[in-house]
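The first chain written gets the first letter, and so on, giving A, B and C; residue counts start at 1 in each chain.
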Amino acid sequence: MATLPQPPMPVVWRSETKPHKFCPGCGHPLVLKALGESIEELGIQDKTVFGCDIGCSLLAWDFFNLDTVQAHHGRVTPVIVGLHRANPRLVGIAYMGDGGGYAIGSQHLVNAATRNEKIMVLLVNNTLYAMTGGQMAPTTLPKQKTETSPYGREPETTGKPTLGPEMIRAIAPDSAYVARGTVSRLPQLKRFIKKGLENVVSGKGFAFIEALSLCPTNWRTNAEETWKFLEQDMHGYFPVGELAPEKGEE
Amino acid sequence: MADKPIVGEKRAFMTGNEAVTWAALAAGAHIMYGYPITPQNEIMHYWTRMAPKYDRGFLQTEDELSAGFTCIGGVLAGKRAFTGTAGPGTILMQEPLSMAEMMRIPMVTVICQRGGPSTATVIYSQQETRLTCFGGNGEGYRLVYSTAGQQDLFDYTIKAFNVAWKYRFPTFILSDGYQSKMREPLTIYDPEERGIKMVETEPLLGGTGIPGVDRDPRHLRNTYNMEDELYQVVMDMDQEYKRIAPEVVEYKAMETEDAELVLVAHGIVSRATEGAVRVLREQGYRVGHFRPITLRPFPGEALKEAVAKARRVLVVESSMGQLAGMVKEELYDLSVPVTGYFRPGEGITAEEVVEQVRGR
Amino acid sequence: MHNKSEVSHINGKDVPVVEAYVGEYAGGKSENAVNRALSLLERGRQVTLVDLDLVEPFYTLRPLKQKLEKTGLEVLTWQTDETIGLGEAGYPLRPDIRWALRRQHDIIIDSGYGVEGAKTLNLLEGASQHPYLQVLAVINISRPVTGTVENIIAYVQSLGRVTGLINNTHLGDETTVAVVQEGAKVVTGAAKKLGLPVVATSAVEDIGVRLGTADCMGNPVRKIKRYMPEAFW
């Protein structure tokens, strides 16, 4: 069978486990590609340990040529924290979704940030719990329909969508690196990831990156509507960019 | 940096929690992860005082979930890592422990039992026996040592690190608030000088070489798609657990050869029941004593032997039959009746056991 | 039985005995404090015993309160049934303990362990200016943390203001005269380097009798009765 020419993939991309298991149109592979290229360019493949959470992020458990552990829902942060505390030579990456980071594992995220753990948390925000079939998440947009907000999310009773990077910026020390990227601006997302990794490799501090992502399967959107939801609705609520420590009047 | 924490052997006077700390230091434990809860706290207090002197690590986490999961991370990095907790903390700890069970993570956990259910009290109790042995959504593939005082706490804490890393099952020291706080003399020692060689650890993640280039990457998971796939994992684990069980089980049988009544107790309560047997023997009662030291795996064969001539078994415990349930399971095909003296959340003295026996 | 020089006089006037017992967890603070309070009481003095055991209190004065008060001693401590969540919710400071140093008679303070050491005494109003307050570190060399001269020095220096040491070396029921004498040597060695007096060597009655009035280093011997085994709640 003739094979089509393939786009170049990072060395850490484990070909034995491809094609990957994400849905067509999913944002995860884009984020993982940006992460893989960053690891490769920084030459840290031999000392990087990748941890993934429950949710769609667990589908990355055999994605890379990286030592990897798949943890319980919300608990990848403490697993990677513990690993790095025990062997600070390692570069630890905790990869999770918005439910894992902002709901069930929020105490771990908050405390890892305030302790300035030298690990990188990479959180993929697709506004809902995808693997369990599309329930409301802390990041679900107002009026957005999910399986547990069938009439649209009502902020009055369910709160407003969580602004994760803004929260982390507010509680983490200045030496932490915090950014929100989006899969619609992949080169920028990769720059953020790379900077985040550099921040932990140099021992400067914690790194937290939220990647706005796509979930056409649970959004029930076609290609055009998918990008529209990301670039209009999500970008409209979640500002993309680096979050510098505020230096106001002392 | 000081050299070894303990040189040679020394008679010392300390609390149970200190004994655990000194044992962990002597065993070469690299790092402790923990969250404050009574009656476990002095393990952390003493560990944080001593750890910097011997280049050991410590992390105080945000809760017991985190203490357990960071401990798993420490083991994945190849370190002798341990944690300790109690009561409601033991409940939260079941989540990381179930992951450790599934992934055969050799973490060491010290459980300082306290009264329950809920927050309750903080000293006398054996109400976390079942939770420690069978907690989590699994089959209880854990190695559990129930200690009965300072010397046990010291000896078995050292042993726990070795057994965990040799067999790769999560390993427990099941203590209680009374042992944590009581004071008595014990001998502390450097294990190597006693000929105890500490089992080498190895990184499960982040070892040498570039994954995918020099070696295959390590991909560790606890999620399975197919029932038959999981079935095989569990059955393999079960087989391995049963294979090692005879090497691991420990117990202490006393005066059981001709015993008409066999008292069964574990942990600190066995101190009272052993004392009662001595008194009762002097008074002419044919009473024996059986103490399982490992509760998982349970020394079932030895128990059957110990009760072979018994007309009655009396299980004595500071809980409402948690040990008795295990005993009954082991003895179900024997006709000997299993009775119980249960004091949930209360201490038990030798005198009251004597009274129980004589009253019958 | 009691060494007279342990109570001082200034210009012939009796000076109140105000002593705080500090030291390691399970080092013997409470036992020494209770015995000291009772020995002063036996001499017809008015004595208040203060329970300042704040961190993880288990062997505390609480269960002994009623028994001790029958002797005429005033004991400032919670009764177990007066409070809730001991060991869980912590140990709230009783108001009368905070003002204990305002009393004009003898005051014996059982100060619990903790990294803040003698700083715990700051919780008592007037502690820093009190003219008679002695802070005595109770040392048992059978505890590895205070097992050698060097360790004792490091430990006592970490405590803050300490005015004297007490050799309370023992091994529980296994205690022998030799164990106590070895403690006397090590504690006295540390005390010399610290420039502090060894106020006493304390030992249970039968050992104390065999030690005589002074230990092998010439420190006065206090015979103590063990109360604390009853105090485990």
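Keep this in mind: a residue touches a chain if its C-beta (ideal position, glycine included) is under 8 Å from a C-beta of that chain, and two chains touch if they have at least 3 such contacts.
Bear in mind the structure is a predicted one, so any value in this text is a computation, not a measurement.
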Topology of the chain contact graph, where touching chains are joined (line, ring, star, complete, other): line
Chain closest to the middle [Cα centroid of all protein chains]: B
Whole-Å gap separating chain A and chain C, where each centre is the average of the chain's CA atoms: 57
Gap in Å, rounded to a whole number, between the CA centres of chain B and chain A: 39
Centre-of-Cα separation between chain C and chain B, whole angstrom: 36
Contacting residues of chain A [partner chain B, same complex]: 11-12, 14, 45-47, 49, 54, 58, 61-62, 64-72, 75, 78-87, 89-90, 107-108, 110-111
Residues on chain B engaged by chain C in the complex (per definition of touch): 6, 10-15, 18, 22, 38-39, 41-42, 45-46, 49, 119, 122-123, 178, 181-185, 188
Complex interface listing, chain C residues touching chain B: 25-26, 56, 58-59, 85-88, 115, 140, 142-145, 147, 170-174, 232-233
Chain A partner contacts - residues on chain B that touch it in the complex: 30-31, 33, 57, 59, 61-63, 65-66, 68-79, 81, 95-96, 99, 203, 205-213, 217-223
